[in-house]
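The chains carry the letters A, B, C and D, assigned in the order they are written, with residues numbered from 1 in each.
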């Protein structure tokens, strides 16, 4: 039985808490939050759990084996480091840290102490993303041409981070998981539409070594909710619409046919083919439940997490490079391959 | 009665021809194309019209008052210039020319000879775009935050131009028409996914002087057809879906409410409001018919065209700047304000 | 503070319980269910509440002022009558009873004892139905031509009632609420598609005195979920799609225009008009919360419920007539106007 | 080369004419219509074809081998009979005739003279319906539970027939084609919503010998266009949406699983299964082209038409029975099996 302490009972913390509360091999021990009214709510929903405004008490509690951190990004490093130093396993909300440097230090600390360090990249645990990963890995799509994601809705404006760090982080975690290649450079543009607020709309391009391009559109100011990803391949193409209830992933047997020698001087003739469309059945288990089980399994068995610290670091590196490009109106910024050091 | 000659009876020429054939004040006189089989088709559809493989015969025909050019982009300048020099009014397919220099020279020639020079920016004649223009001009949207367009489908790959010059040209012509400001810089990224072909996917950002950002996503390799534009404003927002049959334009009474002084040091509080959605009735007249009538009206009355040569030039300038940025992975490229010279 | 006891903690009971638990003027006192494991779940979710397998203990509990009955239809009469006789106010799941006779006796008992008797016609408390009611009452639709509802999904087969009593009851409760006229006859057809089960698909027509027709399609064997209602009027028409997240109710300014004298011998000329479409903003409060508050308010103030016993009786009468018609392949069956007696 | 004469150049005649004009083995000879302006339009579109207001001249024209009849229903019998008596093959618009008696006599006349008699049941020639027919015939759906069709839009009101004879005829022709069983009885309800006009909304149920039910909803007064059919089977289910551009037919691997002995006294346990969804690629050839080719092929080879006179008769019988039931508020009416005589 692994004892769980949760720091942060704001927007996402209650969801994490509820999922850990339902796992047989975990025991919810304590919840910490700075606001008294959130602790009252926590007690109402989880009678018997210890609540405190002082996160240190939670971290030092000997019944707590693992700490779940669901606080603003700026605090992730400090809370994560203290928990690791107290010998606790750690699950951190995404993005993992406010800088790649901080993320790398968390990884080192966890490695030194042989503790589990996992990032809550929830989407990689969804049935839809697992199916997409499987389709790409099995070469069902052929060569990948592009990955195009749009994530938009009205609000919720974040005071401390812009729309890239708030929304694009989801898509970056998916891309990091399903594509077998890593980006070499990024270009990002965006706008601070609302006076006094950070960028509320942004477009991020990821360049890879080959003929693949990835692009993410994120928007806090859209009149409608959009969660749509297109993935184009030479053999098949995917439309992943997370708002669809029963056909989230559609696989299109469509593409172009090249005739003639592409390396020859003369022009290639291009025709099109259009075959069947299929929508695979997806496991309806809640993704956060799968994530919570993975964390518990890693602690129990010492196996690596699907979304480990290095995945978190890779995503933070892309966000950092994006911020730099954003400040220079889309000038391309190379992504250092320096996480290799960490391994 | 204005005599019309059409050069180019390939993909779009037959549509232009059919629309001019139905206008009472115009008379279809001659059609020119390099391929004999296209001329056979032209004669079958328009019995009695003169057909020729030599465009010079058409331009020199004294019964031809105006020449409609629907040929590949590379030929627009040469054909347009010859027609103007022969004293004919000219309507050119978009993009107007392969370079802004060529476009500017066509404008000068038409001005010197007092001839009508119009570009077939078909979309600006649609009821949907006219309604959007009206909503923006009347300040119904408030401050414009962003203009986000996506135009995708499978094919049709063009041998001579990339996807920006083929598809983004539509959105640039709409943006040029409905937004009262002009872009100051662009950033474009794209990819030559298919060996032997030009860029089949591209993303283009337009920077303006204020808090507005415009972005265009174009794609020849999408499994589904997309024609969707979002326009965000401080008072209302628009979703324009050109594939919808009866609700192409939807106006959302949604937005953010700022509380506190945005110029003060302290943070602004942002809340959201969500009101009614409405979809205005749109005139079902075919846009190309409206365009053809506008061309005839300009010739008859000497009034300026809705999509005149300068609109064509502005769009070509943006395409040129985009090509430059595309070659440098999104490095921002300023758009010269030099069309002011022409005026 | 009104004490609430809930009988039946199966599929719907937990939703009712949760809503009453959140109302300040109500206090959740006791929950009764025949299955021990449901009571365990009830205790986990509502610590401190009394649970029992014997509903009599709940009814006799002096702290219980009002009883909420969420059990199979066959038990509604017996449980409702015992609760009323014990002097408790009663809220019964729909359909109110298995026969109109039983429903009428419950009404009489409640009236005699001056107790509140309410039926959980949840839909009449939704913002969408309240908006439709308002549009019809204000004559915004003009003359009502038809009401056409479709409610379909895969499952959940009921062992004790057919698809009419399970699904059409929702639409009948809405029709009863929003239309100012009462049906005079019904025609129903259906099929027992699955061996050993009751009718899983059915079509029910309601005839009214005038030119109005209502029709309900219900289906337990549909591959997709459908919750769609069309309401046609001479001035405007409504599409109500309960699966839409943000545009549940759309109002179409469309219709026919009659020219010539309809009473004359000669034919009338019919043309069509097509105006704007609008989608009113709807209050997002959960309908069951509104229903629970209405029940508490009725008890506190002695005011009549929006969905009182007579509404429940009217719906049961229609279901009875439907069952009769269903057994005779659609033969029309008149609906007795006998609830007038009750009033 | 088969000479074609077309009687009736109103709404549908031009489509039939255009398709016959494009068939290599057919030659368009003459067009007849009562209105001079329709003949002018016919000449404009088909220069060189003979036009006449007197259909007798067309029928007697020795160059005319086959007559296509696209006139109001009331005239089908008279025109068809005269054409057959003049020794011409005949293709008649649906519904084939205003009465089953008239339809049967046309069949007899054609049989006696060994002429082709075909009905324009266009839908049975669409790729979507051919795919559905194939899925049913191959038992891919298992036992068929129901066939549910909805066909609605605003207008076009017909002066001579009601909405059943105008719209339901399409669905009846599809049902007749794809289901291997014939209905034994019908129940129909409807309403004359608009003063001076025939029934503008109607619901038609078809009863079969087994556990199958078919239902058709037709509506001239709907604010939106609907062309949607659900077909439920024990193994798979179909959603056929004719307004979808690329996914008209979707096959759902969904259904119920019966456990226990359905013939036993005890209740059957029902669970649900939900598998993949697929959308087969469909041939994009225009259905009317396929129909025209079938007619020509039948004349040339003496083979039977896919939609022969007997298919036309069966559909007319169902319409007659429906009209009778409609007049009696849904009273079930048996369908005579008398077309067996004809064979």
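Keep in mind that, in the parts below, contacts are C-beta pairs under 8 Å (C-beta built on N, C-alpha and C of every residue); 3 or more make two chains touch, one makes a residue touch a chain.
What you see is a predicted model, and the numbers here were worked out from it, not measured in a lab.
Engineer: What is the chain whose Cα centre is as far as it gets from that of chain D?
Structural biologist: When every chain centre is compared against chain D, the largest gap points to A.
Engineer: Would you mind telling me which chain pair, A-D or A-B, is linked by more contacting C-beta pairs?
Structural biologist: Per the contact counts, A-B leads.
Engineer: Distance-wise, how many Å sit between the C-alpha centres of chain B and chain D, to the nearest whole number?
Structural biologist: Here the centre of chain D sits 43 Å away from the centre of chain B.
Engineer: Taking each chain's centre as the mean of its CA atoms, how far is chain A from chain D in angstrom?
Structural biologist: Using C-alpha averages as centres, the distance is 53 Å.
Engineer: Taking each chain's centre as its mean C-alpha position, how far apart are chain A and chain B in Å?
Structural biologist: 39
Engineer: Find every residue in chain A that makes contact with two or more other chains and list them.
Structural biologist: 224, 246, 274 - these are the residues of chain A that touch more than one other chain.
Engineer: For a test of understanding, state which residues of chain D touch chain C in their complex under the given definition.
Structural biologist: Touching chain C: residues 145-146, 148, 150, 152, 154-155, 157, 159, 185, 187, 189-197, 200-201, 203, 205, 207, 211-213, 215, 217, 219, 221-224, 230, 232, 237-239, 250, 252, 254-256, 258, 260, 262-263, 267-268, 270, 272, 274, 325, 328-332 of chain D.
Engineer: Under the definition above, what is the set of chain A residues touching chain C in their complex?
Structural biologist: 47, 224-225, 245-246
Engineer: Which stretch or stretches of chain B touch chain C in the complex?
Structural biologist: Residues of chain B touching chain C: 246-247, 253, 274-281.
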